[in-house]
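In the part that follows, the structures are each spelled out as structure tokens.
You will see chain A twice below: alongside chain B first, and alongside chain C after that.
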Partner chain A sequence: MAITSFSFLTLVLAAAVLYRLLPQSARWWALLAASLVFYAAGGAAAMAYLAVTAVSTYAAALLLQRENDRRRAMEEDKRRETRKRYDRRRRLVVGAAGLMNFGMLFAIKYWDAAVQGLSGLPTLGLVVPVGISFYIFQSIGYVIDVSRGKIKAERNFPRYLLFVCFFPQMVQGPIDRFGHLAPQLYAGRAPGAEEVRDGIQLMMWGFFKKLVIASRAGIVVDAVYGDAGAYPGCASVFAVLMYTIQLYCDFSGGIDIVRGVAGIFGIDMAENFRRPIFSLSLAEFWRRWHMTLGAWMRDYVFYPLSLSRACAALGRFSRKRLGGMFGRILPTSLATFIVYFIIGIWHGANLTFLAFGLYNGIIITASILLAPLYGKVKTALRIREESAWYRAFCMARTCFAVFIGRYLTRAPWLKMSLVMLKRSVFDLHLRQLPATVLGLGMSGGDCAVVAAGCAVLLAVEFLQERGVKIRKTLAERSPFVQWLAMIIPLAVILLFGIIGNGGGAGEFIYGRI
Partner chain B sequence: MNAKKWLAAFAGTVVLLGLLVLAGNVLIDPFGVFGDVIFHWDSYSQTLNPRVGKIEYLDRHYEEYDSYIIGCSSTSSFPVDKLNEYLDARFYNLFTYGADMMDSENLVRYILEHYRVKNILLNAYIDNGINYDDPGQDSLTEAMHARVDGSSLAAFYLKYLFLDPNFAADKVKDWFSDELLAEPYDVFDVETGCYDKRERDAEPIGALAGYEALPAYSGFADYPTYRVELPNTARAMESLARIRDMCQEAGVNLMVVCGPVFAGYMEGVDREQAAEFYRSLASVTPFWDFSISSVSTEPRYFYDLTHFRNCVGYMAEARMFGDGSIYIPEDFGVYVTEENVESLVERNDAVFAAEPDDSAWTCEVPVLVYHDIAAGGEEGATASLLEDQLRALRDAGYTSVTFEDLKDYVSKGIALPEKSVVITFDDGYRSNYEYAYPLLEKYGMKATIFVIGVSVGHKEFYKDTRNPITPHFDEAEMAEMSDSGVISIQSHTYDMHQWAPYEGEGPVREAVKRLDGESEEAFVEALWEDFDRSRREIEAVTGKTVDVLAYPSGEYSMLSQWALTQRGVHVTLSTRHGVNTLVKGLPQCLSAMYRIYADSYPDGAALVAALDAGAAGE
Partner chain C sequence: MNDVDKLIEILNTVCPDVDFEAETNLVEDGILTSLDIVMIVSELMAAYDVRLDIDDLVPENFENAGTIYELIQKAKGN
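Now for the complex of A and B:
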């Protein structure tokens, strides 16, 4: 069930009505019921995977909680005495839950690709169910939080199940934390009219981004990537540009819809994008893009890695033997590399994603290493870092780096990425662009709609970046203006998003990850 | 506006927009279930869902028909015009794509109950054994009309009321881009119910290699081998028995045929299951079998892997009604009863066992073309070169044949001399009269001259200008040549071969093709007007029929092809280089024929050598 589909909206409406009708203490059942209906639409196999994750992490958390409770009851000396054994057990439980869930994820996503060509090992032919990695990440985060004693394990299984499979976020996140999300899910608080309105507005904004911009921009992407060798370099440039737009609008638009739906139930979900296009550096870009995944990686991979004993030992070694800046940052850089490596693998067991991880890791590390040099250059050229021109330059530079990086992520093989890059430089043939684009099914009207949509998007994000509260400003205008601000977007979504979009409701490009 | 008011306004606006969408679905009515009050575009709704669209159409027009053709999409190729003649009836082709016997039964029951019916031609195509009551049918585009299968009418109308608005939007868009010929969104000829094959039936077809090289027919070159299972034969035949009984009771003449199947497709069908299909079919009713014969081995008789051509449908109908005036392959069509069904099964095995050999129904004919003939000189088309070539052709055993002979070969199967050649001259130059005509007479050969109507008799100037041109013969000379029986005068258009530098302002028609921005309708009108004048003026002089046209500069289109067939012109010539392959029973092999520029060969020997070698490829 796509979240842009009519059936999804019907489900949301039904759940919202049921939610209101139920007494406060029982409202979470409405959310759970809607979530199960949503996931059941994905088929029996999808339900089975969900059950494995929910049961295993539920049980692991209970085990950990028992350990923690027992330990808390101990005397100080006893606690110190048993510390090693306790840590071992804790790791064992977390490890088992992690292995089981990530093992399942691996089996579903990568087994067939991994055993391809190896004789003797059967392929499984499993279909990746929607959003599986999102709920696995979220559940494992929960297990780790329990093991760290940050939160208490949830004993009521249906309640826990709701946390795992809360329906709006099933498709593409955000990956929320138990401590943040669960209390809101269980509270059963009736949202105020403002929250519902804000939720609806956020959903409309998401529909606009997804249906009007992303699905149009996507028209040429598949065609060009399907047979990149057949088109001149300008088609590659155009396709990558469209892909960059498509990815952002599809993903962040989807998140807007998800957060909007949650808002209708009075639930505030974690933010996942903070206008990444205005980032001054690549590192900042990744802090503002898919933020919940970044935070997850930071808390559960990066910190544990860089605070581990092995890392500390490496740090001592490198400072002594290598010295200087490089020696100082080697351990952190290594941890950064590992994080990007994992993110890359998560996106696809493919050389392109490995290259993507390396590409970002190298640029970010290099910019740390070269920071002193930059400082000198800036001083010499009398560049003020706060000046608007310099900031614009930095944003453009970041966008360019992201754009080049996108060459790596969409192509099915690394070689194709490189061929497209090469053609973009040496075989541009800019004059063939209009004919090529039109030949690929994107009409002049589509191009105009994408351009206009992007202009609106940029303008809105620019205002938001400047701190303008658009919705608040709007709410102060006359009712007629407010109504215009409602019907025009609705009409745009209807006329350019649903109609004239070949059946509209596009598949998520970020869903099956 | 506070948040509560905002929410109320939002809900109202959404409902309003929703109502607008529903109103659009009703008024624009893509499936034609609400009367299609604005567009009246039956072909469109029938294309979206013929099971719905055709019934809606017939419910309004059933009084115009008294006989029906029923079956799956290949059934489209049983043309109604000849059937109407044979049976003195008014047929409507009520085929629907992907129809199984359950669809056919439902339709038969419906038309018997609601319309006046004299004859039903039912195609029990071999595919009827594959599916019966297929659950995979799309509920919008493949579902039967609720009035026919008796399902809930309310659900039926609600389904089309709450339609994805893209259907309506597409219909509006298509309405504005629609032109004369069939488009993917309007594939039906509304009055007959058949597919609109104007374009497919006008396209030039020749040698097999060239045919398989066309994108539409590439499937024939590399036919996939897959298995076709017929698990539902028994259910289909039970259904057919009910159809038979219904027709008997209603006193309706039921004719069951088993339509032609492409051999490559049939090879994928389990032989025993196919035999069982025929046996159980024969046990229900006698039928005309056309499924397997030499026709099945000839890809050019098929539009694609599962659809035979209209011309094959004509052959089948002629066989059924004993019409000997057109070509029908010997082994095509058997009336099968329970008595002879076993021999049919054996015969089919023999067809598969035989090596494919199309020599019985194809032949190759080169068409030579000359233009102006110079009196003397060394280079180019001189009178002496022409004489040398004519002599060489005669000595090499070539016989010059006319386009009439070619037509007789194709439509009636009358054999041509072993080494046939057609000689043509374009434009109508006076030199043709002066030099070519006597030489042809001398060597006992015949030729066709394609004259540009407007230039006839112009000996000095281009049309009514003072621009000099090569002299053209006049009407008296034309009459003399035509009367002799040596020369046939045919059309090179009246004035669609204009010479741009000599024309004044405005658009110039250099060839039979659309001007910039000209609509298909306007172009066809212009072509008809031009051709009618050309024909009228030539026929007034020669008293003989004009029904062959050489395209100026060889340029043609499917549109021009179709438009000319509407004027009875079934032979057209291009300037594509090559030898023509004629196929008996396939009129398209006379479309936009290949020609050979004879004066590009230095002498008669070179020309004969090229023709003997199969003439220089295509």
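Now for the complex of A and C:
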């Protein structure tokens, strides 16, 4: 069930009505029922995978909670004495839950690609269910948080199941935390009229990004990538630019819809994007893009890896042997590199994503290692970091680095990415651009709509970046202006949105991850 | 040089652009990133010969020089 479909909106409406009708303590049942209906539409296999994750992480968390409770009841001396045994058990339970769930994810998503070309190993041909990476990451995060004693395990299985499969987040996240999301899911709070209005406005903003911009930009992307050899380099540049726009509007638009739907139920889901176009570096870009995955990687991979005994040993070695700044930051740089490498693989079982992870990891690691040198150059050239032109330069540099990285993620094969990149440099034929673009299924009007849509998006994000609260500002205006703020976006979506199957309107790129 | 001055000197070697004497909300204001925190932690572990745990990596322990100092004292006590 696509979240841009009429059936999804009907489900949201039915769930919202049921939610209001039920007494406060029972309202979470309405959310669970809607979530199960939504996910059941994905088929029996999808439900079975969901059940494996929900049951295994529920049981693991209960075991961990029992260990934590026992330990808490011990005397201080006894606690110190049994610490190693406790840590071992804790790691065993977390490891078993991780192995089961990431093993399942590997089998479904990566096995066929891994054994391709190897004789004797069969392929499984399993269909990747929507959002499996997201709910597995969210559930494993819950298990780790319980093991660290940050939260208490949920004993009521249906309530826990709701946390795992809350329906708006099942397509492409965000990857929320139990401590943030679950209390809101169970509270059964009826949101006020303002919250419902804000939720609807956020949904419409998401539909605008997805249906007006992303789906239209996707037409060119599909055409060029469908037959990349047939077009000159300028078509590759234009297609990758459109893909960069499509990916942002598709993913962030989908998240806006999800957060808007949750807002209708009075639930504030985790923020996933903070205007990444204004990033001054690639590292900052990744802190503003898919923030919940970044936070997950930080808390459950980067921190443990950086504080591991292996990293500490490497740190001691590098300080002693290499000395200076380089020796000090080498272990952290290595941990950073590993994290970006994992993020790359997380995006897909393909060499292109491996290259994408390496590309980001190398640039960010190099920028850490070269930071002292940059500092000296800036001092020598008397560059003021806070000056507007330098910030503009950094933003342009980051956008360029992101743009080049996008060459790697859309093509089905790495060779195709590299050929397109080579053509963009050595076989550009810029004069052929207008005729080429119009031959890719996008009319002049479509180009104008994408350009105007991007201008609106940029203007809104620029204001937000400067601290303007747009929805709050609108809410302070007269009722007439407030109605216009609802009707005009709706009219724009209905008039200019690609609704239906064209341009992949029902699908989300990150929904396939 | 007292203990806090020594700590600030160490912190300045990791993040020379940050004013550790004046800033009070280093994490909340986005001055320190997760990368800075990990670099600070590895520097502190080497300088004070203490072991910091994953549970210590919470924003409130790194908001200012005072909270970082308390973290070190706690780790020394353990």
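Miscellaneous remarks
In this section, the second predicted complex is superposed on the first by the 505 of 513 C-alpha atoms of A that agree within 3 Å, B and C clash if a C-alpha of one lies under 4 Å from a C-alpha of the other, contacts with A are read in each partner's own complex, and residues count from 1 in each chain.
Here is the rule we use: contacts are C-beta pairs under 8 Å (C-beta built on N, C-alpha and C of every residue); 3 or more make two chains touch, one makes a residue touch a chain.
Remember, it's a predicted structure, so these values are computed and weren't measured experimentally.
When the shared chain is aligned, chain B comes close enough to touch A:Val196, but chain C does not. Of the two partner chains placed by the overlay, only chain C lies in contact with A:Arg316; chain B stays clear of it. Look at A:Ile383: by the touch rule set out above, it reaches neither chain B nor chain C. Of the two partner chains, chain C is the only one touched by A:Thr332; chain B is not.
In the superposition on chain A, contact is made by A:Arg287 with chain C only, not with chain B.
By the touch criterion defined above, A:Leu124 reaches neither chain B nor chain C. Judged by the touch definition given at the top, the superposed model places A:Ile499 against chain B, while chain C stays out of reach. Common to the chain B and chain C contact sets on chain A is no residue at all.
Across the complex, chain A meets chain C through its residues 148-149, 283, 287, 298, 302-304, 306-307, 311-312, 315-316, 319, 328-329, 331-332, 335-336, 368, 375. If you check the complex, the residues on chain C that touch chain A are 14, 16, 33-35, 38-39, 41-43, 45-46, 52-55, 57. Contact residues on chain A toward chain B in their complex (touch as defined above): 192-194, 196-197, 200, 475, 479, 482-483, 486-487, 490-491, 494, 498-504. Residues 1-7, 9-10, 13-14, 17, 21, 164-166, 169 of chain B are the ones that touch chain A when the two sit in their complex.
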